[in-house]
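Chain naming follows the written order as A, B and C, and within any one chain the residues start at number 1.
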Amino acid sequence: MSELLKVEQVAKAMEGLGTVDAMKPNRIRVATTPAKVKEAVQRALKDLKCDHVVQIAAVDNGKSFELIYNLTGPHHTVVSILLELPRDKPEVPTASDLLPPAGLYERQIHDLLGIVFVGHPNLKRIILNEDWPENEFPMRKDWKPNPNTFYGGVHTEEAK
Amino acid sequence: MDPILLAVYILLFPGFLFLLAYAFFFQFLDRKIAARMQARVGPPLLQPFADFVKMLGKEVIDVKGMDRKAFDAAPLLALAAVMTAFLYVPIVGNSPLAFQGDLILVLYLLTLPTIVLFLLGWLSRNVFATIGGVRAVTQMFIYEVPFFLALLTPALMAGSWSITDIVAWQQSHLWFAVLQPIGFVVALIGLQAKLERTPFDIPEAETEIVAGPWTELTGRRLAMMRLTMDVSMVVGSALVAALFLGGPRIPWTITPDWLSWIVGFGLFFVKTLGVLLVLASIKVATGRLRIDQLNDVGWKYLASAAILQVLIVLLMNYWWVSA
Amino acid sequence: MTEVVVPIGPHHPALKEPVNFKVVADGETIVRLELDVSYNHRGIEKAAEQRDFVRVVPLLERVCGICSHSHTTVFVKGIEEAMKVQIPPRAQYIRTIVAELERIHSHLLWFGVAAHEIGFNTLFMWTWRDREAVQDMLEEMTGNRVNYGINEVGGVRRDLTPEQIQAALKRLPHLEDRIAKYRDMVNKEATMMIRFRGVGKLSKDDILKLGAVGPTARASGVDYDIRKDDPYIAYADVPWQVITDTHGDVYGRTLVRIGELQQSLQIVRYCLENLPAGPIKITTPRAAPRGEILSRYEAPRGELVHFIRTNNTDKVERLDIRTPTLANWTSVAVSLVHQNLADIPVIVAAIDPCLSCTSRITIVNERGKKTGEMTWDELSAHGREFYRKRGRA
């Protein structure tokens, strides 16, 4: 049975990339920037021996977007790599080359929040229907459905 | 035979009307046995009849550009073929239409439904219906050789090509199921394959719900084709019962004629139901074969067994004649 | 090199839910897989932001029918963690019992469906009949066969009476018997082994790289099971084991699921026999303090994750759900590459997709510009045809 990672171990591995704090005994968070996130993921995979990506969570906290990459490994500790993106230009390099399942997760986040993953091979619709209008990102806090826009499905005039 | 009596024989009993009723009854029993073995309840007695009537009333959908007349006629052709085949199998005493070579005729007529399935697949203008039809014919090539051989060995031993004579021969000798057990087993397996039931339902059931040559059949065409398959099962079972289990006869003669007919009819029932029980058990107890496995089973085991049986019969004949 | 794009459209007669994925095939071999899972999207995450905790629980129950208890449990335990409250042990045991019964009925369902895929309908009927025993237990305990409604923030809503416990314990030996028989059947039944062995094989490294979870991952020797790695409710108290296998193919996944069935029965028995006395819920505050919780749960299909942000109100600020089937799709895509179109039904069924898998395949032959349509079953049929040709050649 592997030991849980300690904060010092994570801090050493993530040196120079951001601040490290322990949210719980088995969850350690690293706050970093979009430019350094790929390096952080790389270090988590190599130095911290993480081999499983649990989730890529995306939050709109009203002021900016946050992305949290949650990774875990045989040590059963979740390493959460957190970064903030500005609202007007939410771009971040893709992690799908390092983490193959991120291919699907990033498409979902792009559909719902509009975050652009630079370098993603196939950022197409996955979770919203194919006739959903462009540039409407429903999980954003400031999004409200516009009664005059057609969001897909059957046209109401046809239903009559 | 008196023409009126002949007409009654053909049309009512034990001809077409009886055949249709018995076909529905067979389907009911088959489904009931399968359901009970699968821990289910199964349908009520009149379910197959109800299904048939319901399907007759459903909308017939025509594929654009298909040959409607041929598509309509094909299921009827298949149904006519198997119903005619039934007339030559002894049900109560002798068949009045018996003649030398009627065994060959019956075997030929029983292959027509499979050919019709292929034809329907071809006419459907649906690429995958065609593939299903080709599957059905391919399967036929595989099982038909052992099936025919197994059904012809009783003829070899009885020295006649008429089913009625073969049945009569068994009355004074042993049943062929006892004399030719290998042939009996091969005939049962071949019959299961001919009826396209699990484990031989590759053409239709892996394309389970809607596909294969049955895809574009709707309404009355589907009702007729399904009825053909049911009637096929009855004719096949009756044929196997006649050739291997002695048909509607027992080794003792019963004096009042009418009593012997009733007993004969009862025997016919019992024997065909026995065959049905075996077929239903095989269907429930197995999963589907892949077609390459069917190839193996057909050629390696069934065909060799059938040829072996033929050789044994020829040797036995020679030995008896010279004895 | 003819590349054939096989778009698998949303409607399909034989399976449960709609999905659209395009399989790009080079002849018979699959080159890549593209995915569109929008057909069951109902905006649940957005709806959860506008409902208070009490009303979110029934909403989450309906994310999925087979893993409804999983979604509610992972959510309420996350909120309880945010509120820093501990629910009474009796409630934890009851949650565990329902969770394991859910796992049993889900695995039995999968087993029946897998048998149906290969044409072995008798096994399908038998496993689903045994499932009825589990559904009866659930109905007696919770009042419903799916969407049990037993969770709430702070505990469970219904208690187990001694009669219910006795009735449930009486049903267990029969289930244990049946599952032992199925285990034998999987090892001896030739038809099943031939269709399952060697199909969809993924090595341990591939599984980890592709992010697969649940029995799909454990069949390749990956030892991750949230019930052991990050224990919750009563799993730390109950003696049980994680089941892994090394085959890595559909056969391995079958063995893992059967092993898990046996373990689940053990857990249910232990919990029923050792149910601690006490209250079944505690009163919780209305609002949850500000915080961020990553709540993980081992659903029947794999690791289910709810990422919850709370903000001192009685609503969540963000609920981000990652279902196990979404995690497993990439492994399906990759395990189908270099396999044959023939194996699509069996491989997809092997991850036990809860998200969707209803498909009608349209085959576009790019060079010949011909189109044709295939249903799932025709694809299965095509599978047989393909194996026949391979058998001959």
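The working rule: a contact is a pair of C-beta atoms (placed from the backbone, for glycine too) under 8 Å apart; a residue touches a chain by one contact, two chains touch by 3 or more.
What you see is a predicted model; the values in this text were computed from it and never measured.
If you draw each protein chain as a dot and join the dots that touch, you get a simple line with two loose ends. Distance from each chain's C-alpha mean to the overall C-alpha mean is smallest for C.
For this pair, subunit B with subunit C, the centres built from the Cα atoms lie 44 Å apart. If you average the Cα atoms of subunit A and of subunit B, the two centres end up 64 Å apart. Taking each chain's centre as the mean of its C-alpha atoms, subunit A lies 24 Å from subunit C. Residue numbers of subunit C whose C-beta contacts span two or more other chains: none are found. Residues 23, 26-27, 51-55, 57-61, 68, 70, 72, 74, 76, 78, 80, 99-101, 103-105, 108, 112, 122, 124-130, 138-139 of subunit A touch subunit C in their complex. Per the touch definition, subunit C reaches subunit B in the complex via residues 13-14, 115, 118-123, 125-126, 129, 189, 191-192, 194, 372-375, 377-378, 380-385, 387-388, 390-392. Note for the complex: subunit C touches subunit A at residues 34-39, 41, 43, 45-46, 208-211, 213, 223-224, 229-230, 292, 294, 296, 303, 305, 307, 309, 317-318, 320, 322, 326-327, 329-330, 334.
By the touch criterion stated above, subunit B contacts subunit C in their complex at residues 37-40, 127-128, 131-132, 135, 198-199, 201-202, 205-212, 284-293, 295.
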